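Below is one structure; the comments refer to it alone.
As written, the chains take the letters A, B, C, D and E, and residue 1 is the first residue of each chain.
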C-alpha cells in the first residue's frame, strides 16, 4: 500500500512539493537561503537547457539568453519603469523571440559546429554589452536594480526570494516535464536520434528544433531576470561562457536520460563547491577533481547511481528477469 | 603600417596553425573537443622554462624535449582517462574541461600565479627590406611551416597517418585492416598534445607563460579549427591564416576591442554559409 | 588450416552461436548459409576477433586465435569483408583500397594488386580520387570487396557478398572468387543468395538459430529437398 | 592548507576569537592579486596574535582568518560573503578585488552592518549609502595626478600619450581617471585602446598605437605579465618613449619579463618594498609564503592593522562604531607612510584611503624609488 | 496519373547521376526501377521524396509540381520512402520505432501536450503501431531494441515505419537486400497486401525474381538515363537491359 503511494509519479511530485514548501521552517540561516536560491536558479537553467539538448543540440548560448533576459528586465524596470511582473515576462518573451530568429539561421548547424556558433553568439552578446556605452552600462554593468515587487508586495527577504524562485522553478519543471514526457518529447528525441528518418516520417524538424530552442531560451530569459533582481547588480562579467559550461556540467554529470539528471546535477554541483569553499585556495582544485572523477566513473552521471540502487532494490524484491536489453557496444 | 601588420599577422597565424593542428587531430580521431588543449600549451611553456631556463639545456633540444615530455603525459591521460569513456563525445568534452581547470590550478600551486619569461636564444632584428622584424619571429614562421608540411605528408602519405583517419572513421573496420586501434589512438592523442606543447614552448620567448596562458591559446585554436573545418589539416592552415591576418589587420586598422567582436561575427557568417567550416569533413 | 571447435557466441546473455564446429583446409572454398539471425556473421566476427567468443577454440595454422585482438589476428593472413560495406566514407576510393594493404610492405606488389582490383571493378578506377561515401550502394560493395583483397590474404571471409549488387556484377564476382580460389586462396563466403553461394563454393554449412543443421558438398546441397524449398525457392 | 591561521587555534588567553573574513581570487586569472591579499591579512593577524591578541572590553581576543576563494567571479564573491556573514557570523571582511565582486558583496554586507575593506576601481563602490564599505587601496583617482606630475616634471618635452587598457570595468575606469590627470597637465591623448585581458600578442595593437607617435605609453590596469610583454613588443617595434602604468604593478614581475625594455618605466610603487621596514615584516611574518606574491601584500597588511587599531580605539566590535572611528582615523603610520581618508569630494563620503605616493622608476635595469609625494 | 516526371536531372560535381529522365507512374501501380549499380536509382528516389533538389526538370504529383518541397511536406502528401541502407532510431525498441512512424497519423500538439493529458492519443498511437508491426509479422520482436536485430529484420522494421505513415505511394529502395529466399517471399506477400489496400508501390531491387514477380511496369536506367521501359516480359528480353544489367545468365 505505502509502496504504491510512494511509487506513483504524481504522489512523488506532491510529496517533494510539500517538502519544498515547508523547507523554510528548517532553513536556519540566510546563507543557506542564498545557496538554495542560487540552486533554484541553476536548476531553471539546467532543466530548460535539457529541453534543447533533447533535440541533439549542445547549446552554449543559454547564458546569452540569460543575459538578454537580465538586461531586458533591468532596463524595463529601471529606465521605462514598467511593473516588475511585465518586465519579467517580457524578459522571457524577448529571449524566446530572439531565439526563434537566431534559431532559424543557426539550427542547421550540427554537432560541434553548433556548439561553436552558439559559443560565438555568447561572445558576441558579451562583447557587445562590454563595448557598449550608456544605457547598457558597458563593462561596469548596472547597479541598484530594484527588488521584484509582485502585486504591490515587495520581495526583499530571503524567504520571499525562496518562494518566488521556487514558483518559477516549479513552472519550468512542469512545462519541460510535460513536453518531454509526451508525444512531443518522443519527437524531439527522435530528431536527435535520426534527423533523416524523422524527416522521412513527416516531422518538420526545424519547427521542433526552433520550438525547443526558443522554449529553452524563454526560461533562460526568465532566469536572467530573476538573477538581475536578486543580485541587484549585473555586468557582462556575469555572462561569460563559463556559466554555459556549468549548465552543461549540471546536465552531463547529472545524467541526461531523465529530467531528474539536470536536477541532481545542478544540486550537487551547486552545493558541493560550497562544501569545498572552506578549502580556500584549494577549492577549485578539489572541485575539478570531483568533476573528473564523476565523469570517469558514472556512465549516465548521477542517474546511474540511482539506476544502480533501483536495480538492487528490484532484484531483491522480485526475481522476474529484466527485460532484455542489447548492449550497444561491441 | 600595412607591412608591419602583415608580419604581425604571419606570426599570429603560425602560432594559431600549430595549436590548431593538434586540436583538430585530436578531435578528428578521438572525437574529443579537447578543452584542455590550452593547458598542454601552457605546460609545454613551463617545461621549456625549466628545461631551458633553469637546467640550461640547449634551446632547440629543450623545445623538443619539453614537447615530448608533455606529449608523453598526454598519452598517459589518454590511456588512463579518456579511453575509459570510449566514444562518448560529451563526457570526453566535460572530462577535458575538468582536466583543464585542474591543470590550471595545479600550475598555480606548483609554479605560482605570476608570469614568467624566457629569453629568446637569439636576439636582433632582421631587415626584410620592406619591414624589420626580429629573428625569432622569422624562426617561428619557418618552424611552423616545416611542422605543417611534415604533418601533412605524415597524414596523407604515411601509413600511420592513414591509419589515424581510418580509426577516426570506423574503429572496428580499421582494426580488421590490421591497425592496432588502441595504440593508434594513444599515439594520435600524444601527437596532438605534443603539437600543443611544442607551440607553447616555441612562443614563450616571444610572449610569457603563466598558469592561465592556455585560455586564450585554446580559444584561438578553437575558432581557427571551426573556421577551417574540424579534422582538416588544410583547414587548420587556412583558418590560421585567415584569423591571424584578420586579427592583425582589424586590430591595427579598427581597434582591439572591435577586432574580437568582428572575428566572431565573421566566423558566424562563414559557418552559416559553409556549415562544416571552410574545408570541413574532407580530410584534405 | 582453420578449425573452429565448439564455438559459442553470446551478446549480453543472448546466445547467437550455439556450439558450432567445423574446419577447412588450405585452398578450400566454403559457404555458410542460413536465415536472418542464424549466427553466420557472429561466427566470422568471432574468427576476426570483433566479438569475443563465450567458449570454444579457433585455431588458424596451428595457433589459437580466439579472443585475440583483431589487429593481431589479421596479421596471420586473414582478411574480412564486413556485412553492410562499411567503407571509410571520407577517404578516397584509392585510400580505402590502400588501407586494405596496411600490413604489407612490398610496394610493388601492392600496386599490382591495386591494378588487379581496378581491373575487376573498372568503376572504382574511374572514381579513384572521389570520397568513398559518394559512391552508390553497389559501388561501395565493390569497394569493400576490393579492399579485402588488398591484404593478399591466405583466408578471405566475405559477409554478404552480393548485397545490393546488380545481377551482372554478381556473375562477374562469382567468377572472380572462383578464380582467386583456384589460385590458392581459401574463402569463407556468407551469402543470402543461396543460388550464388552454392554455385561458387565447394562445400556448404547450413545454419539455423546458432547451430549447424546440415553440411555437405554444394552439389549435394543443391539437390537437397529442404534446401531447395527454403533457400532456393524451387 | 587551511582556512584558519590562529597561532594556537584555541583563541586568546580568555579563549575569545575575533573572526576576520577574507574574500579574494585565489585561483584562476585573478590569483596574482588575490594571494597577496590573503597573505597580507594573514601576516597582520600573525603579528597581532604574537603580540598577545587584541583587548576589547576587557577581554583578549586572538584573531582568526576565514578565507574564501571567489575566483574573480562576482557571483562567487556574493556567495562567499553570504557564508561569512550568515554562517560564520563574521563582522569584518577584507576583500575582495574588482567591482563586480565588491558591488555584489555590498548587497549583503551593507544591509547587515558588516564592515568591509576592499579594493576596486569603480566609483560606485563608495557612497554615503554604503557607510560600512571602505576602500583601503588608493585608486589612481587619488595618486594618478602625482605620478603624471612626476612624469611631466622629468620629461618636459613629452606631450603625446597613448593608452592601452584591458577591456573590462577596471580598465575603463582606470583609463578614464588617468586621462583626466594627463589632460590637466596639457598632454594630448593620441590613442586609446582596449585589448581583451590575457592578450599575449600586442604587436597588432602596438602597430596601430605607435603610428600615432606617442611619447608615453600608459597602461590602464593591465596586469604585470601582460605589461612586460607589451613593453618588449613595443621596444621591438621601435618605441623609445616612456612607459607608465595606472594600477599597481608588481614591479619585479614586470622587470623579470621586460628586463632592459622596461627602462624608464614610471610607476606607482604602493610601498617601498625594499625598505628595511617592509623587509623586516616580510622576514618575520611572510617567510612561509611564496616571495613572488608579497610585493602587494604590505598594503593589505597595513589595511588590516588599521582595522585592528580602529577596533582597539573604539574598544568595541560594534561595526557602526568601528566604522565611525575608522573614518576619523587620520595619520595612521603604515609601511607606506601616513594613511588618511578622503573621498568626500569624489564619492560623497570619506572612506577612501590615501597614502603618500611612492613613485618608482626603472633605472639601469633596477626598480628604484625616485620620489615620495604627498597628496594634496 | 500519379507521377508525371519530366526531364529530371541531377548531377554531383560533373557526374550526371540522373540525366534527363522522364516517366510516369499511375495510381495503384506496382512500379519497378532497375539498373546497374550507380545508375542513379537511389538518387531518383531522393529527388522524388525531397531529400535532394533537382537541378532541372519537373516532378508533378497529382498535377502539382513538387520540386523544392521538403521531405516532411511530401510525406504529408502521402509520398513515403524507405532507405537503401538500414536507417532506424537506434537504441529504441521496434515498437518505439514504429510509433515514430505514426507521427502524422497521430500528430501531437505542443500546447495540448503541456496542459491536457494525451494518454488517449498515446495509447491509440501505440495500438496503431502494434497493428502495423503485426502486419509485417514482427510482433514477436516488438519489445527488442533494434540495434542488433538481424539485417533482414531491420529492413522489415524500416518498411513498417514507412507503412505507419499511411502512404499513398510507397517507395522501397532494395527492400529484399540481405534476405534469404523464404524471407523474400514473405516480403513479397507483405508488399502485395499493401498494394491491395490501394497503395502505389515503387520498387528498386536487384533481386530479379522479385521484380519480375511483383512489378507491372519497369523502368530501366543506366548512367542516369532511361534505357528501357515496359512490362517485365518486355524488359527481360530487351538486349540493352541484358547487356547493361542482367548479364547472360538471366
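The working rule: a residue touches a chain if its C-beta (ideal position, glycine included) is under 8 Å from a C-beta of that chain, and two chains touch if they have at least 3 such contacts.
Here the structure is a predicted model, which means the values were calculated and not measured.
Novice: Which chains does subunit B share as contact partners with subunit E?
Specialist: Per touch definition, common to subunit B and subunit E: A, C.
Novice: Moving only from a chain to one it touches, give the least number of moves from subunit C to subunit E.
Specialist: Each step joins two touching chains, and the minimum needed here is 1.
Novice: Farthest from subunit B in C-alpha centre terms, which chain would that be?
Specialist: E
Novice: Farthest from subunit A by Cα centre, which chain is it? Let me know.
Specialist: Chain centre farthest from subunit A's centre: C.
Novice: Let me have the rounded angstrom distance from the C-alpha centre of subunit D over to the C-alpha centre of subunit E, please.
Specialist: Once rounded, the distance between the two centres reads 73 Å.
Novice: Hey, how far is the Cα centre of subunit A from the one of subunit E, in Å?
Specialist: 41
Novice: On a C-alpha centroid basis, what's the spacing between subunit B and subunit D, in Å?
Specialist: Measuring from centre to centre gives 36 Å for this pair.
Novice: With centres defined as the mean C-alpha position, give me the subunit B-subunit C separation in Å.
Specialist: Roughly 42 Å, centre to centre.
Novice: Give the residues of subunit D touching no fewer than two other chains, as numbers and ranges.
Specialist: If we look for residues of subunit D contacting two or more partner chains, we find 27-28, 31, 35, 167.
Novice: Send over the residues of subunit B in touch with two or more other chains.
Specialist: 105, 172, 257, 260
Novice: Considering subunit C alone, which of its residues make contact with at least two other chains?
Specialist: 11, 50
Novice: Can you list the subunit C residues touching subunit E in their complex?
Specialist: 11, 33-37, 83-84, 123, 134-139, 141-142, 160, 163-169, 171-172, 192-194, 230-233
Novice: Touching residues of subunit C toward subunit B in the complex: what are they?
Specialist: Listed in rising order, the residues are 48-50, 69-71, 74-75, 80, 82, 86, 88-91, 95, 98-100, 102-103, 131, 147, 151.
Novice: Considering only the defined contacts, which subunit B positions touch subunit D in the complex?
Specialist: Contacts found on subunit B: 1, 4-5, 8-9, 11-12, 104-105, 108, 112-117, 119, 125, 132, 134, 203, 206-208, 210-213, 215-216, 247-249, 251-253, 255-257, 259-260.
Novice: Enumerate the contact residues on subunit D facing subunit A in the complex.
Specialist: Within the complex, subunit D contacts subunit A at residues 1-3, 26-28, 31, 35, 38, 67-69, 71, 73-75, 78-80, 82-83, 85-87, 99-100, 103-104, 107, 122, 124, 167-169, 171-173.
Novice: Tell me, which parts of subunit B touch subunit C in their complex?
Specialist: 159, 162-163, 165-166, 169-170, 172-181, 281-283
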